[in-house]
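Given below, in the form of structure tokens, are the structures.
In what comes next, chain A is part of two complexes: it sits with chain B in the first one and with chain C in the second one.
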Partner chain A sequence: MSGMGFSVRRLGGLVYKESLQVLRDPSAILVTFALPTVLMLVFAFALSLDQRNVPIGVVLESDGADAHELAAAFSGTRFFEVTPARDRREVAELVVSGKLKGFVVIPQDFDERLKEASRGSLVQVITDGSQPNTASFVGTYASGVVATWVAHRDGARAPAISLEPRFWFNPELNSRHFLIPGAIAIIMTLIGTLLTAMVVAREWERGTMEAVMSTPATVLEILLGKLVPYFGLGLIATFGCAMLATHAFGVPMRGSYFALFILSSAFLVPSLGQGLLISASSHSQLVASQLAAQTGFLPAFMLSGFLFEIGNMPGWLQTLTYLIPARYFVASLQTVFLTGDVWAQFIPNILAMLAVGAGFFLLVARNTHKSMDT
Partner chain B sequence: MPAAVEIRDVVKKFGDVEALKGVSADIHAGRLTGLVGPDGAGKTTLIRLMAALLKPTEGRIDLLGKDVVTFATQVHFNTGYMPQRFGLYEELSVLENLQLYARLRGLNPSTLDATFAELLQFTRLERFMQRRAGKLSGGMKQKLGLACALLGKPAVLLLDEPSVGVDPISRRELWAMVQALKNDGMAVVWSTAYLDEADRCDTVLMLDDGRIEFDGPPGDLTKRVVGRTQRLVGIAQDRRGVLAEALDLDIVRDGVIEGDAIRVVLNEGAEAEPVREVAARHGGRLEPAVSRFEDAFIDLLGGGPGGRSAIAEKMGVVDLGTDIAVSCSHLTKRYGDFTATDDVTFEVAKGEIFGLLGPNGAGKSTTFKMLCGLQKPTSGEARVVGLDLRRGQSKAKLKIGYMSQKFALYDLLSVKQNLEFFSGVYGLTGALRRERIDEMIDTFELERFLKESPQTLPLGFKQRLALACALMHRPLVLFLDEPTSGVDPITRREFWTHINGLVRKGVTAMVTTHFMEEAEYCDRVALMYQAKVIALGSPDALKAQVTSAERPSPTMEDAFVGLVEAADGAVRNAA
Partner chain C sequence: MRLAAQIIKEMLVNIFDEQTRLSFIGPPLLQLCLLSYAATMEVRNVDIAVFNEDAGRASHELVERIGAASFVGDVVAVDRAETISRLVDHRDVLVGIHIAADFSRDVAAGRPASVQVLIDGRRGNSGQIALSYLQNIAKDYGAELSGSGSGGMPQTEIRNWFNENLIYLWFVIPGMAGILVMFTTLVVTALSIAKEREQGTFDQLLVSPSSPMEIVIAKSMPAFVIAIGQAALMITVGALVFDIPLAGSIPLLFLAVVLFGFSLVGIGLMLSAICETQQQAILSVFAVGYPMIMISGFATPVENMPDWLQTIAEGSPLKHFLVIIQGSFTKAMPPLEIFANAWPMVVIGIITLSLAMVIVKRKLQ
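Now for the complex of A and B:
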């Protein structure tokens, strides 16, 4: 009997079917094209790591000229929106009610402190610890303002060094430049893992998987029938995002599209592998989407270095990030866009992604049988 | 001739659960084998084993002489399998689905134009070739699923519950097609929970709880009750009371309501005299009835349940304060251009069982939902116990008990917690709540299951629990949405014993159903077609409308099909 082994015709049929489904199913189009656009917009405009005009109070307890000058320096910076006060009780309540994110106290003995050679802390900074990020921002920036002011004041006597407070932080636009390449990795995870896991689970839910398994189609054909279309879809989405990033958001493209293609292809291997692995263990769309979000999307979001510096994580967590393929992809993408083609960095990253992907596919092969036995 | 499929001592376990407990049978070419049994009996498992989608835990299955485990791919070439949900891709058109399954069977679609044309003509889907499968009606999906399973001319055709959720008209068309295939020499397995379908099969495999209860031509089983089936006809009133009375007789093994009449099966060797007396006392008489597979099956299982409903006996007579329990006038529901319910008007009297029937998509679900306040009408009004559902919604809902085929129980809550939840939802509190819960536990014998999940209950108890949840607040009107589809006939009888008992106390019941036997329990039936009520009357009155010389005693199904066809005019095309 013919067709007992691998059949290109059957694979072609499955790929064609899947492509038609993607084109005709609004939810796939939504995930592939609308969602990336929305995410890019969010990352570009709403999610900025720079902050401006944070409302704080400045309590002026001292009447000295220096103290007034420092208070003016706080009012002058665009990082803060200052509410002046004479008594800390006035602003303390505003912090409690959330109207201010913290306050700076310029103490009565400010002038004396300033004269001391050792210069302990000149001011007291109180922040709203219930919002740790903003709190640390207020703390650091307030110290920055004081340091700059002191430097200027001293500079009046001994000029030369000018200290730029933003030196410690990303220059304003850079955060967008960093986030958008990272966002591509997130979107690819969505397509590779979430969409793939969902479409396979959908076949189980609708009973089509059962029907396909009752035909002579082999497991390999069924799996490839899923991989090929979503691989293509992932690449299309990547290039869509790259276009959006460079043309709409002004992110530079210093590397080559060829490198982007190679990196994206390498990343799709573990991403799709993970999607198939999830679908092999769960036959319901709800569970599959949960699993994909918890094991694919969230790690890619939090442990890839996209939002949070891997270097700042506890040691064990840093070790864990080596298993997250997005980690290698985010770093490489940032390089492709912002630096150029650095193959010395890309090649180890590509190898790492392929290694993780091979691990997933090994598990997929072990867990997928042409049978409804579980 | 060797059997097309040989099943030998097959045991199939899923974890601790034994779905099949040693099944042996032969399936022959050129025959239509009915795989009959209630939900959970093991029908789907057996079919999947034959299709090489599952491996038997013990025993073996040979298909065309080849072991299905070792030669799974061969089996996949030789069988056509239609799963319960048809296995169609909804985003693909009719033709694209056919092309896909052709490719999957290793055929080249470009050489198959003639085959496709033939299949589309056979299934009468030619006109819908370009339509997406998701937009087809249930019956059309079924036919397309069948066409896909037929590609590559399989020797064995496995159909898993092809008639579930399909109206009688589509069912008939499907039967005709399968008969034709069988005559061409195909071995056809048709699984079903409808016992009336068993009568039409060449041979029947009756599965119950993982075991084969009967294997042979349906006539062989029916033969056992010939002469013992009788009908009580001409009863003036209170058929339900008469049924209860008849069932209480020792000699009556089984009894059901059949329109205006009552059908009974007597014990072997019993004299019919006491039943005749019951009939006479209520102004009726006894006449012999043609025996059916279902009569014989109940007999095989040791008879149906008694006629007394413990719950109904505990309830006092219900007073509605009005004679009209449910009414609707000019009820209309539109979704955009599409009219689901078109100007429907009827009244349901207190203590009546009223059925809503119709083909798929006729609008009966929409109408039903508007009547119990789950959907808002576009125009017209619906009243329950005199309360306008648009205004006194929550007040009206407290008078309603709702139960659906899916039972709507929470599997993550225990049986006790389900009872507590539903009593709370219906506003019972304090001592009364505890009292009602205890009463339900007591009446429906749920004590030993209290800590279990409804999921793990035997089907009959699941049904009891669902009924208990719907009855705790003593509703005046019961809405039953396909309440017993897929349920074994004994469980169905038990259910109707309760409903009959409640109705005799003045409760009103509204029923939707595809089950013609269920329709027979109704006092009156509204037959809906294309959003309108095309016939309204007692089941016997509807049957009388299609009675003719060549069909002197039509069944409820004949009435259904006849009336819909008449409404369609003489030309009823593929749709």
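Now for the complex of A and C:
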């Protein structure tokens, strides 16, 4: 392969050829439009951190008026859906079978305990620890119900110190408002990485890659030619997701579409690069798709901070998240939608995404040369 | 006899290929061990910005107590309210605390003193939890100051059954195992028929004496074996490496694994029969698989979903399998409850396999 050097004209021809190929491939169109739409709908409806009506049991062992009042307080809150019981054995079984997430015991000597603080805690709360998240919710909110009820009964004296919380950017604390922008990043990871990995692996598998390689076009031109159409599709898909988020799910758009465009473009660089790297290192669609799922979607889902806060992870895992491009994209998207254009946050994130992308492309360049030599 | 030969052939092709086989063991195990540590909703290392305009002792004591709390990472002292908004805007801190100049005076005079707390709503979940911790600190300190201390005796005694310390890994590992097994199985089965068709070897099957039933059974065997093997491996790792108590019945759990594998193979083969190319087959796996994760109850509870989506979730084998595997680790879910989640998987498997068979038959003719 002599007389190489980069030719814009040849690249243009390749981009044109690949674009035609993409447009003729119904699955590419399906991936760009149908899959993101379906996934957006599923993410938006299925993922919610707003717990309410958690099923619990309330065991009323005491017949006192105060005990009845406290039980009524549990029934009255929208956080719980109460199954009343007289004996803790009735509800204990339901916790084991998973029908109830826990239960509250108002003991026989509740009235005496209420009079003398020294007799121990007022009520006992049992939670189903097999679901730790729900368990801590039940524990926290059950304590809250008791505390509020006691304070009210004691004649609600204002606490000595009170906190006045204000949630910025999301005052009504709708979890969808921060989950949906994050979901866009996850969906784009899937589409960018998976699509590229599979398309290029298919060419290797069918031997058409070798055919293109034997032309005077350089490796760089061929790969760019493949990527440019997918880059375009990726941008269109992001824009479509953003439209769904704002119009169908009422997520505010406080930043600019220009910022969204820049961020998405920066994100597509590592995303497509990763796909290319996967296909270059395994020339089979089966292995490529497995790798794309394992290194693309799941790490993005788990390690990007989209659902699980990065700061809560063990230190070694936090370090690993710096390699996940979605990490930067999730944080930036949440800001674009909910806060506005905070370039001081975007620019470091964009640079990080480009750096990860550059790393992928360097590895691709090394890998591709090698496979052509052998 | 013909069936046995065909099964052996499928096994040879699928399981004894080095690269393919490794991709079934190494990466999923690595993911199981790596990603599971990420899934925690506990709140730790919260960075807080404090703007304290008050020179009194009470406010300093409050800030000190907050700084000493175990969930707090760094406390950044700032000297302007604008700095708080900038730090929150840039996501440098999750919480900003603004104590006004008259805080200590109010406390000393016995007037209710208030503190402004600004929380980043982009991270609403952690923010809410952090707020509840902060409120406990404020309440305790306030009670001490006003001398009305509740005597240190908590009003509620909380006990977490099955997982006393609420170790998240005990919940996440079984769930991740289900997800990873699902993906491997779906991909392997979905590719099986589609691959033959794309490579033109499906035509050879057409002229062979095999019946559609034999083709479908032979095609499903490798994935079925892989599903059971992978699940068994992951359950063993969960129990032995991660020390998760396996309190439930092991035979019942194994039965659930078999039925889970059966239903997955059914779904995969149905997709494979519908799709013309491998690429379509893989895309269909993702189009079906990712929504199944979302509605499985792994990430957020099924009960939080709208009713119509909960109904759809009943059609996902992953949802049922997660109920069983999470009910078998840490606690011993009663057999009745296990069967209640086992039979839907059988139904899903039968329906999808029959559909696969019908489609193959139609394409054979």
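The rule we apply is simple: the second predicted complex is superposed on the first by the 328 of 374 C-alpha atoms of A that agree within 3 Å, B and C clash if a C-alpha of one lies under 4 Å from a C-alpha of the other, contacts with A are read in each partner's own complex, and residues count from 1 in each chain.
Heads up, the rule we're going with is that a contact is a pair of C-beta atoms (placed from the backbone, for glycine too) under 8 Å apart; a residue touches a chain by one contact, two chains touch by 3 or more.
In this text, all values refer to a predicted model and were calculated from it rather than measured experimentally.
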Query - Touching partner for A:Ala217 - first (chain B), second (chain C), both, neither - result: first
Report task. Once the structures are superposed on A, label A:Gly207 by its partner contacts, choosing first (chain B), second (chain C), both or neither. Result -> first
Query raised in the report: Given the touch rule stated above, what does A:Val146 touch, chain B (first), chain C (second), both, or neither?
Result: second
**Report entry** Which superposed partner A:Ser136 touches (first chain B, second chain C, both, neither)
**Finding:** second
Requested in this report: Mind working out whether A:Arg10 is in touch with chain B, chain C, both or neither, as first, second, both or neither?
Outcome: first
Query raised in the report: So which one touches more of the residues on chain A, chain B or chain C?
Result: C
Requested in this report: Tell me which partner A:Phe308 touches in the superposition: chain B (first), chain C (second), both or neither.
Outcome: second
Report summary line: Both chain B and chain C touch chain A at residues none
Report summary line: Within their complex, chain A touches chain B through residues 1-4, 7, 9-10, 12-14, 16-17, 20-21, 24-25, 206-208, 210-218, 370-373
Query raised in the report: Taking the complex as given, what residues does chain B use to touch chain A?
Result: 48, 51-55, 72-74, 76-77, 79, 81-92, 96, 99-106, 108, 132, 145, 148
Query raised in the report: What does chain A use to touch chain C in their complex?
Result: 27, 30-31, 34-35, 38-39, 42-43, 45-51, 53-55, 93, 95-98, 117-118, 120-136, 139-140, 142-143, 146-147, 150, 157-171, 173-175, 177-178, 190, 194, 198-199, 202, 282, 284-287, 289-291, 293-294, 297-299, 301-303, 307-309, 311-314, 317, 320, 331, 334-335, 338-339, 342, 344-345
Query raised in the report: Which residues, counting only chain C, touch chain A once they are in their complex?
Result: 19-20, 23, 27-28, 31, 34-35, 37-47, 62, 73, 88-91, 94, 107, 110, 112-128, 131-132, 134-135, 138-139, 141-143, 145-146, 148, 150-151, 153-164, 166-168, 170-171, 179, 183-184, 187-188, 191, 195, 277-280, 282-283, 285-287, 290-291, 293-295, 299-301, 303-306, 309, 323, 326-327, 329-334, 336-337
